[in-house]
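Paired with chain B in one complex and with chain C in the other, chain A is shared by the two complexes that follow.
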Partner chain A sequence: MANTFFKINTVTVGAGGAATIAFNVIPQIYSDLKIIYSGRNVNNAYTFSIALNGTTVTQSRRFYATGSSGASDTYNGMYTDYSGAVANSFGNAEINIFNYSASTAKSLAVDAVSEDNYSSAYMNLGALLSTTTIPISSVSLIPESGNFAQYSSATLYGVKRL
Partner chain B sequence: MAYTYEPIATQTVSGVSSVSFTSIPSTYTDLKVVFSGYNDAPLMYINYNGSTSGYSTTFVGGNGSVAASARYGSPWLYVWAPGAGTYFNLSVDVMSYANTARWKSWICKGYITDNSGGPTLWVGTWASTAAINRVDIFTSSLTMSGNFTIYGIKAA
Partner chain C sequence: MATTKLSDSGTLGNKYENLSADNNYMETIASTLLTSSASSITFSNIPQGYKHLQIRAITRDGYTGGNGNNMGIYVNGDTSSNYAVHYMLSYSSSAETGAGPNNPYIIGNFGATSTTAANCFGVGITDILDYSNTNKYKTTRTLTGVEDASVGQIRFWSGLWMNTAAITSLTLFPQNSVSYVQYSRFSLYGIKG
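Coming up: the complex of A and B.
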């Protein structure tokens, strides 16, 4: 049986936090990329954005919901936990970047949730599009403001098709 | 270490209205179909084993300004048209596809960022206990281009 997922790297934020979670060495030998994120912002900021090759992806459509309502907008931040969230809770996200090494636009699929043990916790489906035609060699996650908290982490996987 | 997630087949297409995966083995627990590319037509839909009946779908999503939900008696994967040439992606998880004791159900997540499109989450049911050995994905015109990959997922 063929393997499909290959772990490329894991980044875990240390004491003092970090302004980005970055994967700066991405080999061009896979079909797609997948990032599994678990993190929290130290500031009162509910989201993080995604940068490809150093440029933040801004073309976005989100469907998002709380425990009581749903809505849609074009904001490019994906939900995670913030400083006001209950202690020790971390948001989670799965980020898929398709055809990352192709010379075509790159579409991203992001499922993100914050966890707060309250009805104000958010989830979102995020559709992002980067029009760059340059293969992706670096991916960064950037808090809406401030730093990612200690113990925030993300793992980058390469995904192979046949 | 056992691998649990295996690519069964990949198709790269340009300007087609359908893609078929046939002779799907029954050796996995679940199936996953992933599409990345573009399709200018306003919908894509799925059929199993060549059947055109017995489908029900419900979706929730947003187009960048309005959130919506609806139920259909058709096997839609999305119904909001992306802009011409807009790259997007879909994933369809088909659970227990070979289990002959239950109807088949799936989850489709689509991520479109342009025109009237947006992210949508669909759930669907096919009222059949037949093991799925064929998956067809259609659109309404010769407009699908990109990569389709079907994966087999083993629970153990």
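Coming up: the complex of A and C.
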């Protein structure tokens, strides 16, 4: 099997939490980037956004559910677990950033879920667009408010094409 | 263990370098292709050396009550109601959402059934993150669907196992007390992190 999937870095949040999860050294040798996220917010804040090269990606279309209802909107947040969720539960998300080294706009695909033992857990599928034409050298995950909780983690992978 | 050939020549002669130890971040742990029907499939003795797990499944089962059937997943043999699930789905021109707190299992793949068109199978990918982390309950995320010439449905599931133990086994089974049929395949991958 050809090697096309590489870990770039893993960030694990320590005691006290973290205001962001950041990847600041990204080699320009892959085709796409993938982030696998397992996290929780210490506040009653159940989304996080993504910033590329320090600029939050705001153009978004998502399909989401809140347990009892679903809808579509242009909100750029991705769901994660929050302080009101059952203890020890963490959100689960995957973010793909395509052609991150290109001198064209960057398209992203997201699927994210929170989990809870109630009817109100949240989930979303999303497409986002960054209009920057600069290759992406840093990526940050930013909570809606508050901090990521201890044990939250994210791993950044590089995906090569053959 | 895979070996990647980097070049045919060099100062030391033919050069080969094994990249899999450091660079192959997704590896097959186990895979089962059914040669006959089976009521369940269990991945046991799951190694703890990965960051995440991924189940990739392509299934068809003997259910006759509809054109699709969910896969249930027991973790570590736990058959009590220590799970929660949530979903959103789309079929025809409709969409639905729903929740199942205190569920008896996680739900994964949405497979084809006896009433789906012949030779059609449902497909799905389930990601289980931080499966070895004993500070976390285990959350799953599944994107799955089944399609044939007349009907189709996609489902996006989340699942929660309310236990902090490391995951060492996963048992996959079709709902409604039926069996998976021949050519259904179930693969478990480890993703390093």
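Observations on the model:
We adopt the following convention: the second predicted complex is superposed on the first by the 162 of 162 C-alpha atoms of A that agree within 3 Å, B and C clash if a C-alpha of one lies under 4 Å from a C-alpha of the other, contacts with A are read in each partner's own complex, and residues count from 1 in each chain.
Everything that follows uses one rule, which is that a contact is a pair of C-beta atoms (placed from the backbone, for glycine too) under 8 Å apart; a residue touches a chain by one contact, two chains touch by 3 or more.
As the structure is a computational prediction, the values presented were derived from the model and not from experiment.
After superposition onto chain A, partners chain B and chain C are found to clash with each other. Of the two partner chains, neither chain B nor chain C is touched by A:A15. By the touch criterion defined above, A:S89 reaches chain C but does not reach chain B. Of the two partner chains placed by the overlay, only chain C lies in contact with A:V113; chain B stays clear of it. Once chain A of one complex is fitted onto chain A of the other, the partner contacts of A:T155 are limited to chain C, with no touch recorded for chain B.
In the overlay built on the shared chain, the residue A:L125 is in contact with chain B and with chain C.
By the touch criterion defined above, A:S38 reaches chain C but does not reach chain B. In the superposed model, A:F63 makes contact with both chain B and chain C.
In the superposition on chain A, the residues of chain A contacted by chain B and by chain C overlap at 1-3, 5, 63-65, 70, 111, 125. Residue ranges on chain A touching chain C, taken from their complex, read 1-3, 5-7, 10, 36-38, 63-70, 81, 86, 88-94, 111-121, 123, 125, 150-151, 153, 155, 157. Note for the complex: chain B touches chain A at residues 2-3, 5-10, 34, 36, 60-67, 86-89, 91, 109-114, 117-121, 147, 149, 151.
Residues of chain A touching chain B in their complex: 1-5, 31-32, 59-65, 70-74, 96, 98-99, 104-111, 124-129, 160-162. On chain C, the positions that touch chain A within their shared complex are 2, 4, 19-20, 23-26, 51-52, 84, 86-88, 95-99, 101-102, 127, 129-130, 133, 135-137, 139-141, 143, 156, 158-160, 162, 164, 191-193.
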